[in-house]
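Two complexes are shown next, each including chain A; its partner changes from chain B in the first to chain C in the second.
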Partner chain A sequence: MRAARRQIRILARDPVLLGLVVVIMASVAIFVLWPLLEVLFASLRIGGEWSTANYELIATRRLYRNALVNSLQVAATVGVVGTLLGYVMAFVLTRTNVPFKRPLHLAMMLPIISPPFVGAVSILFLFGFNGLVTRQLLDLQDFNIYGRGGVIFSQIFTFAPLAYLSLRGVLQSISPTLEDAAFNIGASKWQAFWRVTVPLSLPGVFSAFLVVFIESISDFGNPLVLAGATFPMLAPQAYLEITGSFNLGRGAMLATILLLPSMTAFAIQRYWVSRRQYVTVTGKPTSSTTKLVSPAAKWSLYGVVVAFAALVTAFYAVIVMGAFTRVWGFDYTPSLQHMRYVFSVGLNAVQDTVVIALLSTPISGVLGMLIAFLIVRRTFPGKAALEFTSILNYAVPGTVVGIGYILAFNSRPLLLTGTLAIIVLAFVFRYVPVGIQNGIAVLRQIDPSIEEAAQNLGADGVTTFRKVTLPLIAPAFFSGLVYAFVRAMTAISAAIFLVSADWNLMTVQILNQVGSGRLGVAAAFSVLTITIVIVAIGVISALISRWTRTTTATVRF
Partner chain B sequence: MRDHPSRSSEAPTPDADLRLVGLRKVFESPDDPSASVVAVDDIDLSLEKGQLVTLLGPSGCGKTTLLRMIAGFEEPTAGEVWFGEQNVNEVPPNARDAAMVFQSYAIFPHLSVFDNVAFGLRLKRLSRSAIRERVDDVLGLVGLAGLQDRPPSQLSGGQQQRVALARCIVMEPRLLLFDEPLSNLDAKLREQMRLEIRDLQQRLGITSVYVTHDQIEAMALSDLIVIMHDGRVEQIGTPTEVYARPDNRFVADFIGKANFVEAVATGPETLEVEGRRIEVPNGVPHPEGTHVTALVRPEALSLAPFDPERAFRGTVRRATFLGTIGEVEVDVEGQGRWLVDVPNAAEVGLPDVDDDVGVEPSPRSVHVLPR
Partner chain C sequence: MFRRATILLLLALGWATAQSLVVYTSVDEENATRILAAFADETGIDVQMVFLSSGPALSRIEAEANRPQADVWFGAPSENHILAKDRGLTQPYVSPHADALTNEFKDAEGYWHAIYTNPLAFGVRTDMLEERGATVPRSWAALTDPMYEGLIQMPSPQASGTAYAIVLTLRELMGEDEAFAYMREVHPNVQTYTQSGTAPSGSLGVGETVIAIQFSPGFLRLVDEGFPVEVVFPEEGVGYEVAAMSILDGASNLEEAQALVDWMTSQEGQTQLTESKTYFLPIRSDVSAGEGIPSLSEINLVRYDGAYAAENRTRLVDRWVEEVLGQ
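And now, the complex of A and B:
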């Protein structure tokens, strides 16, 4: 207590900073913690009384039990397969000398920057009842893509690139000279791989698995499109309970159950795996081609990578074709009618989406850097709690956030239901954790005396942040911006609870169009979304390169 | 240090530029109170205007913590920091008039040389032309004229050091603080920068506190040296005082190389060592009959053929040629191993290992440790 009072006293010498800390803590409590508690409370109340009856339904109602089991099974499968694929892709693209690395890498990025269920739409185009492959090419009459297989296929397609991206960083941080050292003292290729490369990358592999697991179990779009009626899963079931049966209590109960595995995975990832990660690269980068694999092994692994990239390309080509085809499955004449629809009837949703993304992105970006700065560079009571709570939403499934927001903000004084604010706030606090984590990682590598020097020369806390910290962590700031923008443009699971007649989103439109069988319009919306995202990334990258040209963020200390 | 004569234990001078009173810093471990570390233990110090004081000690002695408390980056657990007549305990670092040169230089990597040096002036909202003028002046002063537009990445270590210095002195602060500023430079450059810093400090007359673990640097720079050990002050004195008349074994050993002689006081100016009488013109501050420790520096010893009247008998254990001198380790009968400097060793040659030699102290060089 004495220490806490002292920390506040020191912080109070910089009143603006103290004010910021208070405001940030309050808003994290209101917009992250409170909605979660509302979900928990709602799941434990029936008709105004405390009751565990909702949870007893898991035992008695088969539908709910199956939803739980199915979600866990799918997440585990997608986690294992996705991580394996991701490892192969990361290994080939970082450690071997193969052609076309850049285009292959870019192909992997497509699923990451598009709405997370574009793959599902593409699968319907190809393998649905009127699918190009199943109906037109193979003429199958009773092929059914809906269910377990379809969901798993679509999720692997969507989330393996995430594993790839995270493992790419892991493999790049393991110096290939370690493998050389193993060879040098007489290890065979297998020994070098199993005793050096694998143990060093194992924490990263596990971490990638947990990320994919969390994404899969939280995923809303793919199951909604592809699970079908006979294969219930938690996230869509919670949505259906609320919007279909208007049973908030049961929806909240399913959401709470959904929260458990993802929170467990998050806790393991954060407090166990991350402490076991190795970084062995120091100083100058060395040439990073491995002698680990024989040419035959290398080219067969390369085959896997090329096949996956080809699949991605094909899926997206199908989406583009679908957007410009009159009636997929019956009439393949080119047509602009879907695009016309998007730019007339759908134009409101397009504008709303862009406005919401443009509003939430900078707020999320600056907030992320500010929280990272406070966590790394300042001491104040409740810092650990702030760090935990502000990053918590990274692992909270969007469905839970969405339900929490409609429960928490539908009465005064914070009556936000149906407003622009509720969507922007949801996005800001949902996508800020990645910015915070990037900011923390970059800040920890910056000599704190640079900021002390600014203070020493007369800068107060906020000036130091604005004039020194922010420029120094610009790379993390911009990548946080890109992430927040991409996510805001492609969000669905929380957003679907928050949209209204006044404020609608393109992703919700895509799902609605899929639901009513108008795949062409869904494809047109998807193409437009992806185009906007790519243009925005281009603009931000241009900003970054202008920034790095005028400054020199590469000074060694 | 409160029980031996030193400047700080006198009544604080009213015109002291920097005054530390009973300053103490304990780093508490939040989980385990018994694991707290006393980094700085009850230090008093008073600096007059224009003095350069070095805080000298081995790593972990608390010297950097002390400096950071003066700058305001660490909160004292107890005690007071005074800048002149102002108690600055509650003044945040950005409002303290003490500019600091950091060990890592802490140059703002995203700003040019000019913008680095202008940073503090801009925060003071000076006019553009005034900033331009003062920055250019100071850059000239530290020998960086013409490099205004360079990004820090294109500066050598020595130039970065000068930018860090310029950024401080352009503020015309009451105090200059240096945190081991030369430790990242190579030996030649270090010597040069040391002289430049001293010249500049004397020309500008800014009261300075300089932290280092390098005793030669401390001697070359300082008006006063504060020798610290385990958070406490061991001795405060001019470079000559701490070298020639150290207060205790730690100081004698830390500054320069030391041979210790175990002896018995036999009079106000005499000792008895191994049954031999030694004159100590510097005085023996102990009553007759006390066992005392005396210090003899290696350069005050010379090798000679053994003569029981004047020299101690010993056996050479190692002889190392170092260029300007030769360093000879001798096991002296009844005393242990002594280090003897042989000047001009290239010409006179060094003894062989296992040679029997006589070791002779020059008469005025023996200093009896007061404690």
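And now, the complex of A and C:
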């Protein structure tokens, strides 16, 4: 208590900092915590009365029970298989000397920067009832992709690259000298792998699993297209309850249930796995190849990676072809009609999406760095709570965020539904956690004495941040920007609840086109989205290299 | 010089307002433009269109009741026109062609006339059925045949009004309990329940499904574009939607408004539906919807109570979720 009072007194001496802390805490409370509480309340109310009747439906309605079981099974399967695949891909591409690493890495990135439904639409194009592979090549009469298999296939394709990306950094940071040390004291390859490499990468493996698990359980794009008539799942059911049956209470109940497994996984990751983090930074350059695998094992793992990359390439080739084909599966004449549609009827959505992404990206980037800076460098009461809440949305399924936003901001004083603001805010607070975590990681590696030196020379808090800290964290800042931009361009699970006639998104257009069976137009929208994202990443990377060149120059003096 | 220009301008303006008919249209923009352009061509009457979907159109007409800004409300389901009549927003006028229309397609007192109708239908990929040696289903009852396992797409009543119309049709034909028993029986033959009421025809075009159920325009388009698709109106009967038009009370261009009603209910006007490729079904049985497509007299239309449908929607959809989807 006394410590808190002292902290407040110190804070009061720096009014800018105080103001910043208050504003950030208030906005995190309003835009992260409140919507979540609203979801919980809505699920517990029926016609203004407190009631658990919505939850009793889980017991009585077989549909909901099946949906719950199916969603958990799929998320667990996709989590395990996706993480495993991601591990193999990361291991091969970071720790072994194999050819074509760069193109393989880029192929893995494609699903990450794609709008939802790309996987599902490609699967229909290739393996559907009238798919290129199943019907035209193999001449299967009754191949049925709909159901559990189709959803799992499509989600692994979509989410395994996420596991790859997060494990890549982990495996890169493990020094092979530790494995060498194990070999020197007589360990076999398996022993070295199980006793050294696995324990070192375990926290990373678990957080990769968490990412994939949450993405899978909140994903409704793939299930909506591929689950079929007899395989109900939770996230699409929550969406249908709200948009189809206008039953907010039930939708909120399903969303709350969606929240439980993800929050459990999140808690385990934060408070159990993160304690088992090992730091192996030695300061010595680590050579990147490993002696862990025999050539035979290496090439068979490489085969897995090449096969996955080939699948990715095939999927995207099909999407591009589908976008320029008259009617896939019936009339393969090349045609620009889908693109023409996108640039006439769909042009508004394209503009809206770009405006929204361009607005939310810098806000989210700056906010992420600010919060990271406050958490690492300043002390103030409620810091731990701020850290937890601000990255909470990382573990909250998008469906829940979207439902929370319509519940929280559909009445005065914050009447935001139907506006540009609500979509931008949802994106900012939903995608800021990655920026915060990047920022925290980088800031912890920068010696605070550099900042103290600036303050000794008379710079105030803002100047120190702007002139000293910001240049040092620029790379983390830009990677946060890339993430925020990519997600803003490709998000759907939260955004679907927030779009309006005035502000629409390309991803929602893709959903509508897929929903109306116009796969060609959906493919055309997807191609355009991917193009915009790739161009934007190119621009941001160009900025990074310019910025880091100038900053290294300024820091060097 | 300046004064003469002003007078000319005023005259021109006066002439334009006198001649142009103001239409609030709830038919989609593309099709309304085609139909009304044809009307303007044939009659020389200038038409100004304002696009409003049925809900906003009705509230706007109500708000402007004291000083109507439009002459005709064109499109929107006939139930909405009954509502407008009950609220005294429209005026009666009996078209000389009213006799050619059956009772579903006009108000007895002339407050509204139908423009077109869209019945529910099956769209069938004949080539794909033939390949697997299956026959074209001609009735609702036929759909339960195991040879159609996993071949049918229909919209989900949870998400689509079209699907709700299917539920209501079956309920009208069989009685409620029987209808749900029937839908349970068809369930194994359903490949997927789509979100949108127009998705099944899309899937039919790309061959993702073999039998699709929805309102007929999507299927008529496929037939017209040369797909091997047959449109089947099941023999037991099908529900339908009717788009209607009314002349607003206090319309300033009454003659032109009446001309539009006359033209739209005439053979020429109805033929225009087919000629402009709207894929709406004409309401006159003497006008063909196109080659190979049954005319209205061959379709067994099933009427259901709109008020009952609105009141029982949550209950029936819940029952569908519980008994059909969740079985």
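We take it that the second predicted complex is superposed on the first by the 550 of 557 C-alpha atoms of A that agree within 3 Å, B and C clash if a C-alpha of one lies under 4 Å from a C-alpha of the other, contacts with A are read in each partner's own complex, and residues count from 1 in each chain.
Keep this in mind: a contact is a pair of C-beta atoms (placed from the backbone, for glycine too) under 8 Å apart; a residue touches a chain by one contact, two chains touch by 3 or more.
Treat the numbers as computed from the prediction; the structure is a model and nothing was measured.
Participant: Will chain C clash with chain B on chain A after the two structures are superposed, or do they fit?
Facilitator: When both complexes are placed onto chain A, chain B and chain C end up side by side without any clash.
Participant: Counting only touches as set out at the top, which of chain B and chain C does A:N512 meet: first, second, both, neither?
Facilitator: second
Participant: So, A:A296: does it touch chain B (first), chain C (second), both, or neither?
Facilitator: A:A296 contacts neither chain B nor chain C.
Participant: Taking the superposition on A as described, I'd like to know which of chain B and chain C A:I185 touches: first, second, both or neither.
Facilitator: In the superposition, A:I185 touches no partner, neither chain B nor chain C.
Participant: In the superposed arrangement, which partner chain does A:N66 touch: chain B (first), chain C (second), both, or neither?
Facilitator: Once the two structures are laid over each other on A, A:N66 reaches chain C alone.
Participant: Contacts for A:A384 in the overlay, against chain B (first) and chain C (second): which applies, first, second, both or neither?
Facilitator: Once the two structures are laid over each other on A, A:A384 reaches no partner at all.
Participant: Quick check for you: in the superposed arrangement, does A:Q455 touch first (chain B), second (chain C), both or neither?
Facilitator: After superposing on A, A:Q455 lies in contact with chain B but is clear of chain C.
Participant: Which of the two partners, first being chain B and second being chain C, lies in contact with A:R6: first, second, both, or neither?
Facilitator: first
Participant: Quote the smallest CA-to-CA distance from chain B to chain C in the superposed model, rounded to whole Å.
Facilitator: 53
Participant: Which chain A residues qualify as touching chain C in the complex?
Facilitator: On the chain A side, the touching residues are 61-64, 66, 124, 128-130, 135, 141-142, 144, 146, 224, 227-230, 232, 240-241, 243-245, 247, 327-330, 512, 515-519.
Participant: Under the definition above, what is the set of chain C residues touching chain A in their complex?
Facilitator: For chain C paired with chain A, touching residues are 128, 131-132, 150, 156, 158-160, 187-188, 190-196, 198-210, 227, 314, 317-318, 321-322, 325-327.
Participant: Which bits of chain B are touching chain A when the two form their complex?
Facilitator: 28, 30, 71, 73, 75, 90-96, 98-100, 102-111, 119-120, 123-124, 151-154, 164, 167, 171
Participant: Which part of chain A faces chain B closely enough to touch in the complex?
Facilitator: Checking each residue of chain A against chain B gives 3, 6, 10, 13-14, 447, 449-450, 452-460, 463-464, 467-468, 471-472, 474, 551-557.
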